[in-house]
Structure formats: C-alpha cells, structure tokens
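Chain naming follows the written order as A, B and C, and within any one chain the residues start at number 1.
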Amino acid sequence: MDGDSRASNWKHRHLLGLESLSAEDIVAVLDQAAEFKRLAEQGERKLTALAGQTVANLFFEPSTRTRTSFSLAAKRLSADTIEFSASGSSLSKGETYLDTARTIEALGPSMVVVRHSSPGAPHMLSRQLDVGVLNAGDGTHEHPTQALLDLFTIREHRGDLAGKTVALVGDIRHSRVARSNIWGLRKLGARVIVCGPATLVPRNITEMGVEISYSLDRVLGEVDCVNLLRVQFERQRGAFFPSIAEYAHLFGMNGDRQRRMKDDALILAPGPINRGVELTPEVADGSKSVILDQVTNGLVIRMACLYLLDRAAANAEANA
Amino acid sequence: MDGDSRASNWKHRHLLGLESLSAEDIVAVLDQAAEFKRLAEQGERKLTALAGQTVANLFFEPSTRTRTSFSLAAKRLSADTIEFSASGSSLSKGETYLDTARTIEALGPSMVVVRHSSPGAPHMLSRQLDVGVLNAGDGTHEHPTQALLDLFTIREHRGDLAGKTVALVGDIRHSRVARSNIWGLRKLGARVIVCGPATLVPRNITEMGVEISYSLDRVLGEVDCVNLLRVQFERQRGAFFPSIAEYAHLFGMNGDRQRRMKDDALILAPGPINRGVELTPEVADGSKSVILDQVTNGLVIRMACLYLLDRAAANAEANA
Amino acid sequence: MDGDSRASNWKHRHLLGLESLSAEDIVAVLDQAAEFKRLAEQGERKLTALAGQTVANLFFEPSTRTRTSFSLAAKRLSADTIEFSASGSSLSKGETYLDTARTIEALGPSMVVVRHSSPGAPHMLSRQLDVGVLNAGDGTHEHPTQALLDLFTIREHRGDLAGKTVALVGDIRHSRVARSNIWGLRKLGARVIVCGPATLVPRNITEMGVEISYSLDRVLGEVDCVNLLRVQFERQRGAFFPSIAEYAHLFGMNGDRQRRMKDDALILAPGPINRGVELTPEVADGSKSVILDQVTNGLVIRMACLYLLDRAAANAEANA
C-alpha cells in the first residue's frame, strides 16, 4: 500500500487508545512510521507535512521523554509547537482542566497531545474540542503511542506479530503501557502472557485475552519478547510487594534469566529504567535489549500519528 | 487604509501601555490584527515578516497564556524566540533585573516582551535598551495587549466602540487589565462604568473619565459589555471583601443576571477564570460569552504589535 | 584562510575543553565566529548550515545564559532543538545520567550540548555516544565556550593575544572558567596572572604556566585585561574568605582600581555579575567593561563550535 492509500484508509481524527483501533489501523501507523524511518535514514529528516500548523503539548503530569518525542516529531513535520506543563501554570490559579484545554485550543493548534492522571481525560477532550486529540498517557488506562512503538520495534526485529509470544512483566494493575500493549498485541495476533506478583496482576485481566503467570522463570523459555514494565513507585497507593530486592529477585531480568531465553528473543522496557530493579545493567546493555531502538522508533511513530490524524482531518473537511 | 500606510503611520518603537497611544494608534493595531486574522482564516497562518529575527520573552512573573500567546505570535511571523522565566534563572544567583535584561538584549533580539511585578519596569527597560519593548503586564499598572484584544473582540462582535457602554467589574484597584481597558475604551469613545466593592474601587478613578457603581445589578440593563476581572487572590495585600461567596453573590455573573442584560450584550473575562466566583459555568459557556474569542484574538493582536513595532524600527532606521 | 579550508582543518568531533585543542584549533573557532558575526552585521542572521539537524541541550545543572545561547546558536543555523533540564525530568525517577544521555541520543540529534556537576562527564559521554559532544561546563573542570568567547572578545578589541597580560581574579580553585581561560590564553601566547585569596588559589596552578599574585593592586598597572570570576557561593564547600565585604575590598574592581589600569585595558566578567562584589556598578557600566560584548560574542562562538563539529563529522563520514 502506498502512502496516499494508507493515509486515506485511516479515518480517525483522534488517537485515544488501541482498544478503539482495528488491526488494519495499527498496521497503517506502523507502515507510515516505517516510511518516515526510511526517509530519515536517506537524510530526509525534515518534512513539510504540517508546515503552517501548530501542535500543542498539554502535559498535566510531568514527562521528559514522551513530551520531548512528541515535540520533536511535530518539528520534524515543520509544525510550530505550544508547550504547556501543569507546573507553574494557570492551573495553580484555580482554572479547570477543560478550561485550560479550551484556552489552548483557542490559540489555534490543529492537534493537541494530552497527558493526564485521570483515565478518560483525553476522551473527554476529544468530545469537547474541535481539534484532533492524541493521548500521551491517561492515568492507568492507555498510552497508545508507547504500545505502537513497542509493536513497531518487535515487528522491525522479528517480522509479523502473529503467532509471537510476548510477556509483559511487572505491575500490570497500574500500567497503561500494559493495557495498550495487550490491546495492540492481541489485535495483531500475538499471544500475551502477563507476569507479576499476584498483588499487581488483576485476575479479570484474562478477559482481555491474555494468560497469567506468577512466575517469570516458568515462561522465560517460550517467549519471543519480554516487556519489562517500570516499577512506578509514584503510582502505587499501597505496598504491593515486600521490597525492591524481593521484586528484583523474582521479576527482574538478569544475565542468568537472559541466557535461558531463546537466542533471538527481545527485551523491551518503556523507560526510564531502574537499573538493578526491572533489569540488571548486563541485560540493559546486552544484545537482546532493544530499549534504545524503542526511543528512536517512538519518534517516527509519533510523526506517523500526527501525520495520519492531520490527513484524516483534511479528508473529513474535503468531504464535508 | 492598506497595510503599508497603516504600518507607516505607526511611529512607536515600544508598546508600553494604552495611556500613551492615540485613538488612531489603537485602531491601527486592531486593523492590522484583523488583517492577520483574515489571512489565517484563508490558510495563511505562517508569515515571514520577522524571518531571521529573534523575539525574547522575559517573564519575571509566572504566566501561561500571555507568554504562550506572544511566543506563538512570534513563531507565526517566523521569528526565533528566546524564552526566559525568573524561576530557575540567574536571578536566583543575585543578578539585577536590568542586568538580566541587558544580557538578553546582548543575544541580539530585535524585540523584548517583558512581564514584571513592578509598575514601570518595561518603561525603564525601554529607556535603557536599544530594542523594542512590549509590556506584557507590569504590576497593577498596564497590560496593553490584553486591553487591545478586549477592544478587538468587542469591535469584532459589535462594531465601532464609540457610544458603547462597557462595565468593568471586580477588583479595579489592583487590576492592570482595568487600567489599560479604561484608557483604550475612553480613547475610542466608549462609556465606561467601573463596578465593584467600595474597597476595590478607588474614588479618584473618575479622573480617568469613568463612572463608578457599587451595584452590578443597577447597571446590568444598560451595558453593551461586561468585562469580569479576575479575583486575583495573589495580588491583594489585605482583606478587601468578606468572603468569596459574598463577592460571587454581589458581583458574580450568573444566569439570572445574564438574562437581565441586553440580548446582544457581550461577556468578557481575561482568564484564567474562577468558575463559581466571577461567573457561573452557565455564563462561561453561554451564548453571550466571548471568552475563548478573546484568546484567539490575543494571538493576532500580539502578531500585530510585533509587526508594527518592527516596521517602526525599520522606518526609523531607513530615515536615520 | 577561507571558510572551507578553516572547516576542513578542524578535525575534532567533540569540544570537551581547551586543554585538548591546539592554538590552530582555537584560532579556527575564533575566525569562524568572526565570520558569523560579520554575516550577522550584514543582516544574514539566519543560516541554513544545520537545517534538518537536531541539537540537544542536556543541562544537569541549572543555567540560563549558556543554555539560551547554545539554543539560539542552534536555531540561527536552522537546527531543531531538544531541551532537557534535570529538574522535573526522569532523573527524579532514578534513571542514570548515562541512560538519560543515551535516550536523548536515540532521538537522533547530531550533537549534544552537556552541562554537568561532575568533572569529566562530557568526556565520558563522548566515549559512550556516537554523536558530537560539546561541554557546556563540567564541575570545576572546563567551560570551553566561555573561554573561547573571552578570547574572542579580547582579540576583537585588542588584536593578537600573544604578549598580552591577562589577570584572572577570584576563586581560581573552583573555577572552570579560569581553567579553560588558562589553557586558551597560554596556547595563544598570553601571559596569565591568577590573583585571589590564598585559600582560593592552589599553589600547583603554576604548573599550568601561570604566575600567582595575592594582591590585585600590585598587578593592576601591568595587565591588559582582567577577568573577574564570579564568586560562586554555590560551589564553595568551606569558608574560603572572611566576608563578602572583605573580598570586595581586596579583589573587587572599583572606580579607583579601574583608574590605575592602562587606558586601553579591558574588564571582563563571565556573569551573572554580583554588583558590589566582584565589581562596582561604576565599573560594570564603565568604558573598560566588555561584559555585554562577551554575551553577544558567546552566540557566534557557539554557532562556530556547532558548525565546525558538524563539518568534522561530515568529513569523517565522507572519508570513511
């Protein structure tokens, strides 16, 4: 499929989560990102697709890498950017979340990238605003561009996702990365095992079509990828495991566990990584790790999302 | 008047306040902004008027919307921007305000946008620096671009300002928005009523050519616009009214009061708004509210100010 | 030497310090900066040398002027920028310095500007990353672009550095500015006197080819330049002098001392300056002061460094 037909098949004006995308939609993003990556490798890093447009970053939760990645993606497409962070902003003056968003919208961006601690916050915005909304993480709910870059990275190294076995390891209960990955992996035909302490793996997660394992060691030999979720101390309300040492002992990836994986298995981690917790330095810097590829791919994934949303808006306008 | 003659009639190298502008000057800004708005609606959002130039934002007080609006206005004219905020800056290392400003000037911007808690700070800079200075709010003194965008918004909806009646409601004493609005509205021939608790309305404000009312209800029926000033908890040194509830009861705009206004009356508020204080949600989201138009218009007003100051500097140089 | 041969003689892919540069290298930077300054004065402020490229600013220590200067230098060369500051970043989530840097590198910048409190941090990055690294200050070790702009400013006002006498005054022990200046000045043939309280002048500094004086008054008459180092309260671990008043009395530059200097002597200070400590207002604003020239020159020096590093990388690739 060439670029034009890819863009014209994509109908969504918002990117809220992978739950609401079809397998075809997901593949369209991955293919578009692959094209941007190919162009960049040929030296065409600066494109003009969004010239004259403005992309707003609305981050109500702190972020370095996702915000920076979206901002750079917008600039690579020649858009101007509006950077809004909650700290030091009008929010401290009592303005509501929606009023802040409407104010930013009134400045004329064509798309708004939003991160918020409340699940569903971007969905609410997509109903209230007239611009495209991209979810950059909403509480424990979804983080679609992270999952898309994970899928892209696996596909790039191992080809088609169908039939692959992927283990998501760690705090499944509070992880928006896990939820978005599950939706995406299942839609593309992968087998998914979620693996973590019983306190951090909700029983009813099986309704999403995944298997549960409480032992990393038991599943290691059969997986094609492990995705080591971040231990998010800041998101846990209670004491879900006895100690960091205990967690690292049972669910941390180390050299010994790495050697028991298939030769061509991949190790992903959304970062920022805690060396010695989710994985040891030997693993982080080892040959199975694709952690830095994920960062690189995140940029082209976000370019692809911005581009496809913009095309969908233009097509909707042309047909109106 | 076409763009060139408009720009050539504007002689000011600084925008310090509306007190020092003539009616003709003010109209020149509004007309230029209208032209930029028309161009944007035709799809010409990115102009090249300031290409190769740098605009510096010097914010010694926190700001989200004004800073973002100026920054985006500069980018829309293809200028580069320097962003300076007091927090985390050299000021914490003991540098004076003027030294900071001179340092920024030495980086070569052609214009400096400044917000400062001291009245007159931008005026002092305009005498000390060789670059154009734009006042983005100086203490309780003036906030010229806010007043210009208010005037623009009223004119856009209701035509010529002459003969219109505008009520400014709330904390008149501490409001730079009120002061700049009074100068601008009076110069363009509007009748101005200032309205608020006696503690927040200085008696001698009548010297600026305005009427005083201590009752919003008494003036509601005769006004074409109300501008609901923000209750600025952070700027009040004493207890000027008994309670927020009392303030909202007497001076807050609500559905009942809104219905007693003329059908085509407008409700403005500089934002960020406190829902339930200066106005109820019913009013904020109602048909008389032009609050979000104000934000949109703020962008083209700031583009117009940057553009006219730049033209004045170029003309001054050409004639030197 | 014309621009092309200058660029082709420069071989360094990193700018880590002046210790590792030859006199020829230093002159190549100064000449390139002079050319950028000449172009700017002719109105060519925006160049396209780095169009399509990205420059990342990684500041693990707070900075206003150096960060802003590098950022603007990158934009003037048409590069996109990634801005990373330690505060509010992933570092607070436990990520290591190197992982942060690798993550930024994975976003695809061609050069990384780094400031860090640890001496040698940029050198370590230059061995670990595949991109060009520019040291924007590493602890008490080096601050090469500050020294280069100091050299540039002296040369601009007084010509060739060879045979000139320069006094560096103040906290020599903790000053990366002093160290980089000593390397640069000595390589270009200047005589260097370091001058300060005995507690702040390490004895073995003479190994760097400098003279020591504990009395500013004794050397005043013979110097062509004094460079008044900042009293860095934040970098001193102990009490190195009795009081600020005592310091200002002995080592502060004031009107009386200024009058005892040669007529054409220059006064430099890296800023942000503490008026009344390192120098009095009379001196800061006096005819010998070139403090604001330093800021202006810092911009073209940083443009020159970015440009030369980029050319070296391109040449290395072409020859590979």
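Convention: a residue touches a chain if its C-beta (ideal position, glycine included) is under 8 Å from a C-beta of that chain, and two chains touch if they have at least 3 such contacts.
A quick note: this is a predicted structure, and the numbers were derived from the prediction, not measured.
A.B. asks: Looking only at residue numbers at the chain A/chain B interface, is the share used by both copies over half or under half? Answer same or different.
C.D. replies: Under half of the interface numbering overlaps between copies: different.
A.B. asks: Give me the superposition rotation angle from chain B to chain C, based on Cα atoms, as a multiple of 5 degrees.
C.D. replies: 120
A.B. asks: In whole angstrom, what separates the CA-based centres of chain A and chain B?
C.D. replies: Those two chain centres are 40 Å apart.
A.B. asks: Show the residues in chain C shared as contacts by 2 or more other chains, in ascending order.
C.D. replies: none
A.B. asks: Hey, which residues of chain C end up touching chain B in the complex?
C.D. replies: 40, 43-46, 62, 64-65, 68-69, 71-72, 75-76, 85, 87, 234, 271-275, 284, 292-296, 299
A.B. asks: Mind pulling up the chain A residues that touch chain B in the complex?
C.D. replies: Residue list for chain A touching chain B: 51-54, 80, 82-84, 88-90, 93-96, 99-100, 102-108.
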